[in-house]
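For reference, the structures are reproduced in the following blocks.
Across the two complexes that follow, subunit A remains constant while its partner is subunit B and subsequently subunit C.
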Partner chain A sequence: MKSVLEWQIATVQAICQETHRVKTFTLALPDWSPHRAGQHYDIRLTAPDGYQAQRSYSIASEPERRGELDLTVERIENGEVSTYLHDVLIPGDQIEVRGPIGGYFVWEASMAGPLLLVAGGSGIVPLMVMIRHRRAARSTVPTRLLYSSRTAEDIIYAEEMDQLVATQPGLGIYHTLTRAQPHGWTGYARRIDVDMLREVATPLGSALRSYVCGPTSLVESVADQLTALGLPADRIRTERFGPTGGTL
Partner chain B sequence: MPKGFISRGFQGRRVQSDDQSRIPPGQHETADFPVLSAGPTPRIVLEAWTFEINGLVKKPIHWTWDEFRKLKSQPYTVDIHCVTKWTKLGTQWEGVSVDTLLEYVELEPNAHFVTAFCDGGYTTNLPLEDITGGKAFIAYNYDGRPLPREHGGPARLVVPHLYFWKSAKWVRGFTFTEQDELGFWESLGYHRRGDPWKEQRYRGD
Partner chain C sequence: MDSQSTDQNADLMLDGNAVAGLLQEIFATEVTIAPVQCASCGQEGEVGTLLAFTQGPGVVLRCPACERIILRVVQTPQHIYLDARGAAFLCIPKPQ
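Our next item is the complex of A and B:
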């Protein structure tokens, strides 16, 4: 991490609609510095009268992509910053950012694994960047992602996940859809529970590292269940996304 | 001129009340109480719980849960500010002032800093003057009920004038030191002291 995190003015290069509520913003940074998979950036918006609002957003792009970064943002109804980003921001606009920030909920290929990633909703973002970093670093660390979404339409990065599973050795991605499932769905169809975690985690052995990110209720229960399955606390790293948790 | 780059078309969602003066720069008010922690919530057995004061004190001391609950306690109503940008106004707690705890020990003259240590291995560092003079307490009730475990129960440190990562959950004691020894988040790039009114979020702020 840099000794001082200065604000800098990034330029929006592209905006990609991921799902009906989620967009990815590609930002070009004049002073880009390498981040670690799992870190975040702060965004600061300033109104003409000086009023300011700040929020943190997870970096979605792997550190091997230099000079720019992706931030994937869910639009929160009645939100202040996410609604501005979704409803107002267009390519060519400029926006103040600083980062990268955070040094615990991170994974680097050199840390090895095996890796168990558990995500709920937009909590996928810092875990997806770990998988993208794994690909860029040509890591073959056994890695399994268990990803809980409400419906098939809410799965963020769905197409890329299919491609990753088809091309990356040692990677498995397991979905659960908690609210509605499409016809012929073969994945899980319930909230994550201890049986589901055991099925997904057992092939990874007992020496795994786990990263859990999502809404507080999911993170609390999954962390408890991983503890019940015998995983030591220092192998369970958590990050929470809530409507007011500052990260959405 | 405002500090910062004006964002095209940004007006912001203003709070239409006097409360705006209670919200530090870059923060926004929230009505609920988000949970943030780096790992699983520890399961704590009250029979095995102690609160300990050690390090640069003439004689270390510890209290069992029952002993701690008999210490003089008081209600607190405070505003809290999380570095992840939310502020919660008027939170209500009950607990024991750190001043009360320090009546039971004699500090060495070079005890300038304290490390709060916790179940789960979390630590945070504070200067002595940030936890004395009525500025900090060990809370065991929140909103009239026992503090929920995900919010740090059975007991957490509360230092409301600093960012809330200083208010260590599942606190088990203080170690007094001569030097300021960085705690968990402080050694991972967060600010050494964390004054929300000076926006001391990260190292160098």
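Our next item is the complex of A and C:
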């Protein structure tokens, strides 16, 4: 089998606009290897003069979908790689990728739970793949996602989330909108705080596993709040999404 | 003493997960779950938890507890330089 560190040429099969700043790219790989929910792929772009830029993006598709993968990428203003992916790439184009990479921020159905997932913005991607994997593996591990977005329009995978909640036993998804809320909004309307975490997490009991992914400020404050709620450090897994959309 | 200001910008901070590919190139195995101990404060944790600063010419990984530098990685066209003087140890799994 090919090493995960060898670069291969992926072909863009489809591009889906998720929100005004976020697209999902479906890539066909000549040498697909099984991944774990939460792992990354590296993308490398090479300019005509040889200059290279490389970024790491979370895999958005569940491991059960074989032969291809989805990468969901937020367009970062002035981002070297994400602007190219968003503004230039079209289906049929080819890009260099390698992966799957990483082993720290992963969850597999066999690891059980209960699961508390906390996301901010595009930090939802590795957590959504855990939920997709949970569905594909027919897991019924009690799972709650608390997802912070600026506005309703910024919620990534919104329709799929509604479907999942309606069809997947033991799954709850709770939104907070920090900047603006639509008329009649019944979800949270503030930044994640310790009271909100307590309300969402308490029904899961104390033996839960938590995964937190988002901007550094959110990750740090949520990790501190989970600690304050008594969760041991080894039950809190964090992944920071920098403004560059994940570098290197 | 390491400069605490020149390469540190919390807004641009990532974590060890973001450089998993680069570290795997160096160590030939997945190391984000490998235990590492900070030589400065003694904090022990997994490489994936380290603070990563990737905007400079190289990559700097800092201790999440004391923020001192644990690992530095710089790539040239031919070589990879690894400065690990900030680590008391890094425990890498043997290939199976």
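Here is the rule we use: the second predicted complex is superposed on the first by the 240 of 248 C-alpha atoms of A that agree within 3 Å, B and C clash if a C-alpha of one lies under 4 Å from a C-alpha of the other, contacts with A are read in each partner's own complex, and residues count from 1 in each chain.
FYI, a contact is a pair of C-beta atoms (placed from the backbone, for glycine too) under 8 Å apart; a residue touches a chain by one contact, two chains touch by 3 or more.
Just so you know, these numbers come straight off a predicted model, no measurement behind them.
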| item | value |
| --- | --- |
| Fit-or-clash call for subunit B and subunit C when the two complexes are aligned on subunit A | clash |
| Subunit B versus subunit C as contact partner of A:227, first or second or both or neither | first |
| Touching partner for A:56 - first (subunit B), second (subunit C), both, neither | both |
| Touched partner set for A:84, first subunit B, second subunit C, both or neither | first |
| A:96 touches, of subunit B and subunit C: first, second, both or neither? | first |
| If touched residues of subunit A are counted for subunit B and for subunit C, the larger one | B |
| Contacts of A:9 with subunit B and subunit C, given as first, second, both or neither | first |
| Overlap of the subunit B and subunit C footprints on subunit A, listed as residue numbers | 4-5, 54, 56, 101-105, 216, 238, 240, 242-244, 246-247 |
| For the subunit C and subunit A complex, residues of the former touching the latter | 10-22, 24-25, 30, 32-33, 46-49, 52, 54-55, 59 |
| List of subunit A residues in touch with subunit B within their complex | 1-5, 7, 9, 44-56, 78, 80, 84, 88, 93-96, 101-105, 216, 220, 223-224, 226-227, 233-234, 236-238, 240, 242-247 |
| Subunit C partner contacts - residues on subunit A that touch it in the complex | 4-5, 40, 42, 54, 56, 98-99, 101-105, 216, 238-244, 246-248 |
| Complex contacts: residues of subunit B adjacent to subunit A | 2-14, 25-28, 30-32, 34-43, 82, 84-86, 120-121, 150, 184-185, 188-189, 202-205 |
